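Scrolling down, you'll hit the structures one after another.
Heads up, the next two complexes both have chain A, just with different partners, chain B and then chain C.
On to the complex of A and B.
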């Protein structure tokens, strides 16, 4: 967000003379600024840039967690990645999760933002209610939902049985059924993370000037037309941003899967990062896990670039 | 707000200030460890354990007593999530040479922890000096503590899959002997009949069990038939008929509703506590939980060995043991205090057995009269002879990969989503996949 500071009209141009003499000292001052970014840059370089480069190097070696001597093995890890069926299944599961989770997380967020934007008295409450889940740590979220999904005595099955949608004899399996586990995690994820997208949309909605709506309503536009031809087009930039952020977040799915299904049942929800974790930390193969990570990294990069292209073209 | 033009910055002074602050911060950070050490004047021993279950509370109590008796040693114990989360941290810490001074592991995991690079061998002299004797441990467990002729583990206990029974329910079902112990059964059919009688009383299940930890039942019933699972370089020997015979009872029990089709650790214990099942097949460590339940609202239960399906009562189990993770350099004082801590814990492991339900490995404790008359431990004391350790290969052992992989497949059997034949085929496929991985500890 930008803030415009305007010098009140008629104010004496006091600031002008010092500015004339400022440049030399400003130049020196810019060096001082470096000290302020140094802590961040150092941490960034140490914990992000360096491991990223090291990971690339490891992907060409048989580096093991056990501390055995490291050998350069060229492209072996990369070749193994291409032929590793389990890795591709995991990538496919990641893609499925992304496909299932992104649309509701974008569309529902717009709907909720529109709702809150209209609400007058309850606005603060809805805003808090929709955003609140986002601040809960993942371990707590998953624990609550695992309880709700329990086949025997879980909250969801309890109410389904009370309403007569389900018989107590054959409780629905949510996290333990190959067909439903993925959807169950998607529902949890939507509940948990929608607040962030919602907030971005709400902020964008509040920047749309009121007079546009006034003008259009004078011209006889109903609320539906206003939504389609004013609100949504004006939200386009935010939508593009939210979709990119959401795709990246969904492609990086790990926590919820690891905690809720542990990749099960029968690997139906084993996602890419989980497999990288298994290869690296359970199998001790840091080299191979690095190669797998780079494959995922490149895929996310491609998706992001394609998406940016798609949207920037539309904007032209 | 008015924008006060700030005076031109005193460049030098600020820079001096900044670098001074950085230096001070750096000095503070690096000085941290030694500073606390020298201030307290105590030898610090850092311990990592995986006892996130009910037995962890017993260990914490023992630690309090240890601390009270050793004012010169500062024990810092950290509990991590059981299984993979713990082992991952242990391996990563040890590979950097900065893990704890002492850690608990499962003896069956020793090989998978790459002892020659990640663990520190223990000299017999060291433990003798601390008052222990190799003769003080059961020979078969003691032998498992060695890797390439070097001692790496000090065994703490033996623990196993056992059978708990609710006396009130079992009495009504007529499956208790006159002395109020569970009737002994022989063969699968007799035991299923017993479960049917119990199911009639509970109206829900006969027995409760963890359908996510099927490896334990599989290995127990496979080993009851003398089944072997031997791993070679790129193939393994598994007896298909015996493996099927070990899996089939799971399917039959689930199909008939004698056990739940889906039940995780928490649910498994809860089923037993709330009377949905009259028996529960879990590890002896759950005794802490059931005792607490008894104290809270009265719960008449006891425990025995797992049922004889194929001619004996062999069961799956393991031993907890102390290891010393690899250190870049050992402080002799710390090392001595560490061994002293381990020896003290063993000498006091009566509490570990009485409280945690584990059978202490330290023979002077288990052979004591006090321990021999301890109930219900005496009722399942036979597990020590009957306990079966996991196969010997780098991906086997408690919470290791084959345990996870086989468990995930057998979960499908309990859920009736897979027949025993399909499950066996998949287990073999997964085992082959594991075998095809490069051996990291070779």
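On to the complex of A and C.
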């Protein structure tokens, strides 16, 4: 989506009309264009640029949700974040979630796309089955999974007991166990969001001309060799794209945790945005929460810059 | 590769001109592929089917401690009936519809205007404004919730439709997508319209917009889905239960229904339904839209 940072309009040399423009008379400099751009820019300035600057300012103050007078406190908030164990734990949990969720969301998506690409006759049904969860609101997703994760009488434990993996006397606690809660949220997340990655891979697969496979199978290459030497190499760029998009999405995790575990048990699933939320809206410390936000912001920014690099390079 | 591309790509799945000797192997493999794909698809649908099944049971039949069975012994709409009597589910649905519609319409109007401006005009400050919007692509909205909340409450927009909607309208990526599309539209069409005396807005409205149907549909559908499913922002800004959107209402209020699982799952099914219907209607555009992300 964010690919064309290198369009000529991005940075046209002063005065020289960009490559794509037709007669120069059409693109003469005037104020007209500004009127078209203004409405969006105004909303953009108020709800994106301004909060970005305001957040930076607040991070140097003791601004509170209670509305008492604001005082400049310099780097105090920033220094506090460094020593705040709960903040580090939250960042760590965010990283753990990202590390757990990204591999299945990429690898399983490739597998699903490969299957669907071969099973063309069921294409419509399969696409629907894998992508449908993605359009469902997060709270519906969590309601259903909390119901399935019920230790006593939930669907998952029922089948595990039926298959003999678990005895009825000691049902597995999924969301209530420190060690398993994170994994349980990861499973729910994979089910919910894999459809998007799956469609990206499927689209990439469908651009590979059939002739490539036909030519190689005349040369005697079997399906496995074709997969390894033709398909997977051709998916490289899409895979890079999916990984980066997935990293950015996973670092922003909040909704599922908030709804399924509320950060528990014993803060085992408290993630960065959740802690920002707690510091700001439960602790009333807008200044401190702003500093925390900026730490996360910078982390995501680094990943985004990698994404930008990836995108601009492939244009050549 | 290039020499082989004369053959139309629309060749059906069945016609593979492989040597006969290999044919049997391919068929066995294909059967396995179909089986695996079907089994996984079924697994993926199970949670939704289980929610539907639970929602159609009576509260006693659905409750914990009962044995697990998929077909209700006694079909019941009790769960749905209770929901409609409570009424808040309907409120949330209306709120979500209003907010998502405002967000979608405003996003389309503002982004189309901006994209056209950037695509067709030179004006003082263009470089700076466009650069600022590029930079915005890298700002995660979740990291702005604290100052944004402050701004929106200062404007007295908490618990209002505008407070819910306006911050979601800022979508630099949509400006990009549309601008890239407009850049590719030949200028000749506009020249003709201009010779007929049409102004800039007329040209945009009657020449460019009609040419942009599919891309605008994609932008519109994705904006709508994104806004409908947004959770964090409405959670912060709508504290009055009657102003909550569907995801927040379901998450915050309905979570407190406690042990009424039939009712709970009825709420889940009703909550999933609107966008599932949208998805089924616009499946083609949505699939194409996602594909477009990867294929630039």
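As a convention for this text, the second predicted complex is superposed on the first by the 265 of 316 C-alpha atoms of A that agree within 3 Å, B and C clash if a C-alpha of one lies under 4 Å from a C-alpha of the other, contacts with A are read in each partner's own complex, and residues count from 1 in each chain.
The rule is simple: contacts are C-beta pairs under 8 Å (C-beta built on N, C-alpha and C of every residue); 3 or more make two chains touch, one makes a residue touch a chain.
All figures in this text were calculated on a predicted structure; none of them were measured in a lab.
Undergrad: State whether A:173 touches chain B only (first), chain C only (second), both chains, or neither.
TA: The answer is first: A:173 touches chain B but not chain C.
Undergrad: Which partner, chain B or chain C, touches the larger number of chain A residues?
TA: It is C that touches the greater number of chain A residues.
Undergrad: Should A:152 be classified as contacting the first partner (chain B), the second (chain C), both, or neither?
TA: In the superposed model, A:152 contacts both chain B and chain C.
Undergrad: According to the stated criteria, A:283 is in contact with first (chain B), second (chain C), both, or neither; which is it?
TA: The first partner, chain B, only.
Undergrad: Which partner does A:265 reach: the first (chain B), the second (chain C), both, or neither?
TA: Once the two structures are laid over each other on A, A:265 reaches chain B alone.
Undergrad: Once the shared chain is lined up, is A:64 touching chain B (first), chain C (second), both, or neither of them?
TA: The answer is first: A:64 touches chain B but not chain C.
Undergrad: Output check: A:294 vs chain B and chain C. Expected answer is one of first, second, both, neither. What do you get?
TA: It touches chain C, and chain B stays clear.
Undergrad: Which residues form the common part of the chain A surface touched by chain B and by chain C?
TA: 28-29, 32, 35, 150, 152, 281
Undergrad: Contact residues on chain C for chain A in the complex?
TA: Going through chain C, the ones touching chain A are 1, 4-5, 7, 9, 11, 13, 16-19, 22, 29-30, 33-34, 36-38, 40-42, 44-48, 50-51, 54, 64-66, 68, 106, 109-111, 113-114, 116-127, 129-134, 136-140, 142-151, 166-167, 169-170, 172-173, 175-177, 179-180, 183, 187-188, 191, 200, 225, 228-229, 231-232, 235-236, 246-248, 250-251, 254-255, 261, 264-265, 267-268, 271-272, 275-276, 278-280, 283, 286-287, 290-291, 293-296.
Undergrad: Mind pulling up the chain A residues that touch chain B in the complex?
TA: By the definition above, chain A touches chain B via 15, 18, 25, 28-29, 32, 35, 62, 64-68, 86, 150-152, 173, 176, 178, 263-267, 281-285.
Undergrad: Can you list the chain B residues touching chain A in their complex?
TA: Its residues touching chain A are 5, 8-9, 11, 14-15, 18, 84, 88, 91-92, 95, 114, 117-118, 260, 262-263, 267, 326, 401, 408-409, 411-412, 415, 417, 433, 437-438, 440-441.
Undergrad: Provide the residue numbers of chain A that touch chain C in the complex, in ascending order.
TA: Per the stated touch rule, the residues are 1-5, 7, 9-12, 17, 20-23, 26-37, 39-41, 43-44, 46-52, 54-55, 58, 63, 112, 115-116, 118-122, 124-133, 135-140, 142-145, 147-148, 150, 152-155, 158, 191, 196, 199-204, 207, 209-212, 214-215, 217-218, 223, 238, 241-242, 248, 251-252, 254-255, 258-259, 273, 276-277, 280-281, 286, 289-290, 293-294, 296-297, 300-301, 304-305, 308, 314-315.
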